[in-house]
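Next come two complexes, and both contain chain A; in the first it sits with chain B, in the second with chain C.
This part shows the complex of A and B:
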């Protein structure tokens, strides 16, 4: 039987259930109302804080101004606002000076270099040899001794024809930079004639072609010109107003000597005190349709003796042109000799040499072709005394493939005809692996 | 209320991200060449400065530094050289003239710090530089 108590219990239970279901709804609504209130409250607090910050900022400025006035009155010598600025500037200047001094004292020295190895049906510099060969290991140093003093040292290890390793200080230059317009060097440098001799140094990697033209090789590789000079060299560029610049070089140094058939630059001086003097003048277009083109002229005069004490006044003059862009590398050089026999009676002798090289910088490599020719008077003591002072022609085609930024493979096919001292024809296939580091 | 605010917040964040991303792209497209305030250079000098042809601004010895973070854009827009040719050019320059190639900084912040601290210092950055350096050109 269901009595009033049971009915009441049922009603209470229903009420409890109802409350259980309803209360959370109330709580949620209350929480929502509470959040809205809280946000409003926070916004008000934020506004109050901002007002307080503004008031405090104004007060701080007032106090700082009052304090500065008090200090100014108390210490007339103390820096005012402008004085403080001067003090700060002075401090900055001191810091800059210290920084400059530290920079000037930079004695860190990075060593870089080049090396190459190769294979050939003939040795690239001596066609009596064939097979694998090591080229040279070329270290160069450019320690910076300050803002104005510059240095360049190039130390080369190379294998001789007999396989012995020799060491040569190919360049040893110390210079003073007057500005972009002039740098004066003292020491041993590459004689500034034509383009190749000061652009393609001993490191094979630098040259797109596998080797220099034969007559422009370095002295111990068969070159017939004084590639090195020990002396003084003034060089610089002067910028023109219309996108070009004039390049100039003037130099003097010890007259070279022919020792055992090879030109020697007399690094320690010569015994007669005679000098080589020369210069080069060029113009480079740095803008416009012929940007990258350089043309110039060069001349030198030197008094050269050989082992037989023949003395020849060697006079060389000529011109050069270079078109060096991202796409092309064309080089042409001409040399005329007007040598005078100063120790005998053979008089004046005229000879000439030159080459034309065309190169294309493709994405995959640099194919090139070169024709070179030397027509040298064999009655001229200067050429007669040199082991490689004979006339020749050479045609070459080759390609350079850059494996990466620091290494390149080169392949060259060439045919050389010697035309006077001996008559011969030599075909060569040469390969070279050149690196820089 | 939360359910109404959250989508707006998410939308705002997304918008900001897109705006920042587009801003970032725009900054990478611009290159500012900057120098120490003791250097006076023209925009036309920039190419020669970074190819080693210009070593002085008046009596001030210039000390350029590359900024690796922006170098690709700089080489393309300003020097019009690819990285290979640029490296080759400096190798030859160093070997021929005894010149030292520019130092390499890794970020705008490093480049700016170098320029501010180095008399004659110059570099380039990918975002608008502060007034504490001299802006030579914007490319």
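This part shows the complex of A and C:
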């Protein structure tokens, strides 16, 4: 039998259960009501804030307009409010631009450059040597001195034929920028003839081919043209209305000299004061069906002496064509020599040299083929005095493979025939590992 | 009066406004300056002023390139085109911005010819030209290292992705094979 205590206990339990279930509901409902109120309150505050912002904006505009009107009336000659605003904006833009330019300046001198090492059944620049070789360690420095004054220094460490490491300041230029159309340089620069000499510099990584055509090599690598000039150089690009670009160069400098069979650019001056004078004019299509095509002409004249004190007035003229696109890199250059013996009686001599290179920019690399030929008059003192001034033909095939964005592996197979001073045939297999940093 | 309560009351409308305007935030932690903190004076290839801050609100894929580049830039552009196709397939919008490394040559006219010859005519692609100072500053802020070797601009492959808040959320480099997966 159940007593009153039991009944009371049951009622209390039921009440407790009821409270347990009901109280949270009450609390939740209360909280919900509280959140809803709060959000409503916040929304009202937001609306008030937005209204206040709108009122303040309107008031500021009214005040600015009244002030501008007042100042315009006070100074009849002064520009209108809009005009003055434009002037102020222009000034601010100038200050911002100058500030940005200053912020964009390098703090300190960045060190960049190139290096390459290789292997060959013949040394790529001296076929009397074979095996492994170190190429260039090329430091490229362009300290920035301001908006107008520009500089360029290229310091190259390389191994000589004897294996000793030599240092050469290949380029040392200080220039003044007149504008996009003209920059004047003073110093030692790559003589602007043809295309290769000012497009393929000492850094091997930049060039798709493993090496330059032999006759266009730098002087100490067997080149027969004055690749460097110490003097003054005016260069620029004029953009045409149809998108084409006219490129021009004019220069003069110390006449070079042949010292021990190698052309020397006379970095400290020469002893007779004679000059090299030359120029180049090119046109590049940047639009239409021949976009990427550049053609140009060039000419130079210089008085060259050798160790035997023979003096030759060297006159070189020629033309070049380049088709440089995302897919193709084709280069053709022609050089004609009309040299005059000024110290003897051998008279005028005519020679020629040229090359054609075809390259394809595939996704995996750049295969290329090149044919080059030099037909040089051996009775011309200018060629006779040069160790590499002989006639030759060379056919090459090669490939550049980019290992990554900073290093490339190149392979070249070539056959060279020398055709006058000596008669020979040399086959070469060359490999090069070129990097940038 | 509890001063904190007052501060809370002032801050709440702002927080609420941000919630209303910005929606829920899903951005990854910022890895660089936002679009609004970068230089803003750029011209597109139609010579229209194109401040980068004006692109906030949309995902922005930004790279640097130069018109005369035949080595890295064509690859970058081709991969961006591929990325555009992949985003199209997923129905995800994005703005593609290419800033010229070489202000002297990368003029609006040059970019105009560039995009015409490569059929890059979509309106969400922007090819921008700026001053030398602004270009250098932007490159430095976003980590686009480059230097000039005569007419060559020596640079790396790099893409920076901003989210709808204008915050850098992703960076793509030469080691990234699947750019869509990076996004």
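Everything that follows uses one rule, which is that the second predicted complex is superposed on the first by the 331 of 437 C-alpha atoms of A that agree within 3 Å, B and C clash if a C-alpha of one lies under 4 Å from a C-alpha of the other, contacts with A are read in each partner's own complex, and residues count from 1 in each chain.
The rule is short, and it goes like this: a contact is a pair of C-beta atoms (placed from the backbone, for glycine too) under 8 Å apart; a residue touches a chain by one contact, two chains touch by 3 or more.
Quick caveat: nothing in here was measured; it's all calculated off a predicted structure.
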* Mind working out whether A:151 is in touch with chain B, chain C, both or neither, as first, second, both or neither? => first
* Asked: Is A:173 in contact with chain B, with chain C, with both, or with neither (first, second, both, neither)?
  -> first
* To do: With the two complexes superposed on chain A, say which partner A:289 touches: chain B (first), chain C (second), both, or neither.
  => neither
* Which of the two partners, first being chain B and second being chain C, lies in contact with A:163: first, second, both, or neither? -> neither
* Asked: Can A:268 be said to touch chain B (first), chain C (second), both, or neither?
  -> neither
* Asked: Given the touch rule stated above, what does A:329 touch, chain B (first), chain C (second), both, or neither?
  -> second
* Asked: Given the touch rule stated above, what does A:198 touch, chain B (first), chain C (second), both, or neither?
  -> both
* Asked: Residue overlap on chain A between the chain B contact set and the chain C contact set?
  -> 96, 99-100, 103, 110, 112, 140, 142, 152, 180, 198-199, 201, 203, 206, 326, 402, 405, 436
* Asked: What part of chain A is in contact with chain C in the complex they form?
  -> 42-43, 45-46, 49, 93, 96-105, 110, 112, 140, 142, 152, 180, 198-199, 201, 203, 206, 239, 243, 286-287, 291, 324-326, 329, 361, 363, 402, 404-405, 436
* Along chain C, where are the residues that touch chain A in the complex? -> 9, 12-13, 16-17, 20, 39, 41, 70-72, 74-75, 104, 107, 109-110, 113, 117, 131-137, 140, 147-152, 154, 156-157, 174
* Asked: Which bits of chain A are touching chain B when the two form their complex?
  -> 32, 35-36, 96, 99-100, 103, 110, 112, 114, 140, 142, 144, 147-148, 150-152, 154, 173, 175, 177, 179-180, 198-199, 201, 203, 205-206, 237, 326, 402, 405, 436
* Structure fact -> chain B contacts chain A in the complex at 1-2, 38, 53-56, 61, 63, 81-85, 87-88, 91-92, 94-100, 117-120
